[in-house]
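Structures for review follow.
Each of the next two complexes has chain A plus one more chain, namely chain B in the first and chain C in the second.
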Partner chain A sequence: MDLGARDFNAKSELIMKSSEKEMAALIKIYVCELPAKAAEIQQAAETAIHQLGKRETPRWAVLESLVHKLAGSAGTYGFYAISTLARTLEDRISNGSFAKIPPDEQALELRGWLESFLTVARKTATDGESVNKEAA
Partner chain B sequence: MSRIMVIDDDHDILRYCDTVLSAQGHEVVLRSDAQLAIDTLKNHAVDLLIVDVVMPLMSGYDFLKEIRRQKLSQAPVLMLTRKNTPKDVTLALELGATDYMVKPFDRDVFSSKIESILGSTKTSPEVKFAAGSTASKAILSVPAMVVGITEMGLTLRTLNYVERNVRIGIDSQVFQEIGIVCPALRTVSCRPIEGDSEYQYEVFVSFVGLDEAAMKKIRRWISGRAISMRKVS
Partner chain C sequence: MKILLAEDDPSIHAIATMALSRVGGHQIVAARDGTEVLKLIEAEKPDLILLDVMMPKLDGFETCSQLKSKPETRDIPVIFLTAKAQLTEIQNGMNLGAIGYILKPFDPMTLHKQIEEVIANHAKAA
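This part shows the complex of A and B:
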């Protein structure tokens, strides 16, 4: 190996290491901010449950937008369980199947979903990247 | 180094793209709404646009229409979105997107796509047909053989030279075996080969708009067997 190639390889390795460090830092930030995201979703879901209890039509767009973003970002950051949960609710709302069931069943399903979601979100926020990561 | 603009209302995705693209040595411009991106494009050229579809003030589709209408940029466009139906992919491609990735996405696949798109940016003049014009509709069917598959795309052998960045479709048994519908494909490279009496070119085509579930099926299929040569039916 000539010196030029060795120098190039060493530089590439350095870039890779610094990139991995930056990515690890980014994932830490994501995990730190997860409780705030979960709280926002919890609030939107509980508002919807409350409205369903009063026979009002919830403004699904708020909750849909929040879980839409989370479904995309959580999976990208490697947290597939949260991403899958978010996607499940997003699909149920966006394809209209959720609106077709009676309001009390909607409330029941949403409550069940919220419990599962908060459990996974708390576990992820506590254990960080070591949990929740699905094998590729 | 290329200048890449990322437009997404999700700050987590903006930060992620910034980190990955900066590590690749690119200059990254981040915009959280499409109108801000349009304003920026009026004064700054970019080499690649990465665009979300679902955004509150202006959708990624409307953004695409607008930049083409105002002739603000001819840069290739990678759509990066949660929307994953074939209808969404088709619409984006019809509006002039170069490629399509579904969120959540894999970092390595994302990086490879970026490099493949930037490597294949057209600089030569091109005559554009009006969208939907009858004359622009065509189906090209040529014999080919699938010789390899990765999570990024397929390697094909064919008699015909294919330009880079061309959207193609193929009919192959391999997708049935994997358990996915044949995705849209984009040509990344085409090189002449020697020593093959039947085919003259080897073409690498990239999958366009595959979601994570389909990617997983491909990964499982790849890890489950050695790749054998399969005739395109």
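This part shows the complex of A and C:
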């Protein structure tokens, strides 16, 4: 290996190490923000369930937009279980299959989804906190 | 390379900026929606535009359409960076003149390589 290639590789390794530290710092911030994101989604889902109970057509756009963003960001930060759950609901809303089932079933499905989502979100936030404490 | 990154989610914006600047060595200019892209484009003259699809004010598809309709911006390559993964949505983006589509979630440590691949594939096809 010539000197130029060795310098390049050493520089590349240094960049990767500092990038990994920055990445870890960004993940910590994301984990801290996760409960607020989950609360926002919970509120949007509960509003939709309430509207379904009153035979109103829920405004799905808010919930769809929130789970869409979470599907992209959670997976990018390495939280694949949350990303998959968010993507499942987003797809059900956006492809129209959710709207085709009766309101009672929609409410039941949404309640089930919300329970699974909150369980995974809380676990991720708790696990993330303990990892952060160990790292500190 | 100077990249104009249009993304309204701060979490994604932060990690993509870190990935592309620190790992990829690119210069990043930030926009939060399509209207900011159209405002910044003339002054910044980016080499590439990375566009999210679902953004407030002006979404990514409409932004791309406006960029491609103007002679001064139509040749700037556009890549969609989005969680909109359905085939019809991908086709819609490509029909608007984008050179590629990168799906969220993405791997931050290899995002710059994915971009290089899209650019290389586009150059091969041209």
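The criterion applied here is as follows: the second predicted complex is superposed on the first by the 118 of 136 C-alpha atoms of A that agree within 3 Å, B and C clash if a C-alpha of one lies under 4 Å from a C-alpha of the other, contacts with A are read in each partner's own complex, and residues count from 1 in each chain.
Simple rule for what comes next: a contact is a pair of C-beta atoms (placed from the backbone, for glycine too) under 8 Å apart; a residue touches a chain by one contact, two chains touch by 3 or more.
Nothing here was measured: the structure is a model prediction, and the numbers come from that model.
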For this session: Evaluate whether chain B and chain C can sit on chain A together after superposition, giving fit or clash.
Result: clash
Problem set entry | First (chain B), second (chain C), both or neither touched by A:F98 | neither
Exercise. With the two structures laid over each other on chain A, which partner does A:M23 touch: chain B (first), chain C (second), both, or neither?
Worked result: both
For this session: Using the touch definition from the top, say if A:Y77 reaches chain B (first), chain C (second), both or neither.
Result: both
For this session: Please work out whether A:F117 is in contact with chain B alone, chain C alone, both, or neither, and reply first, second, both or neither.
Result: neither
For this session: Examine A:W60 and indicate which partner it touches, taking first as chain B and second as chain C; both and neither are also allowed.
Result: neither
For this session: Considering only the stretches 80-88, 134-142, 170-178 or 224-232 of chain B, report the one that runs into chain C.
Result: 80-88
Exercise. For chain A, which residues belong to both interfaces, chain B and chain C?
Worked result: 15, 18-19, 22-23, 26, 29-30, 33, 65, 68-69, 71-77, 80, 83, 87, 90
Problem set entry | Complex contacts: residues of chain C adjacent to chain A | 9, 11-12, 14-15, 18-19, 22-23, 25, 54, 82-86, 104-109
Exercise. Chain B touches which residues of chain A in the complex?
Worked result: 15, 18-19, 22-23, 26, 29-30, 33, 65, 68-69, 71-77, 80, 83, 87, 90, 136
Exercise. Which residues of chain B touch chain A in their complex?
Worked result: 9-10, 12-13, 15-16, 19-20, 23, 54, 56, 81-82, 103-107, 212, 216, 219
Problem set entry | Residues of chain A touching chain C in the complex | 15-16, 18-19, 22-23, 26, 29-30, 33, 65, 68-69, 71-77, 80, 83, 87, 90, 94-95
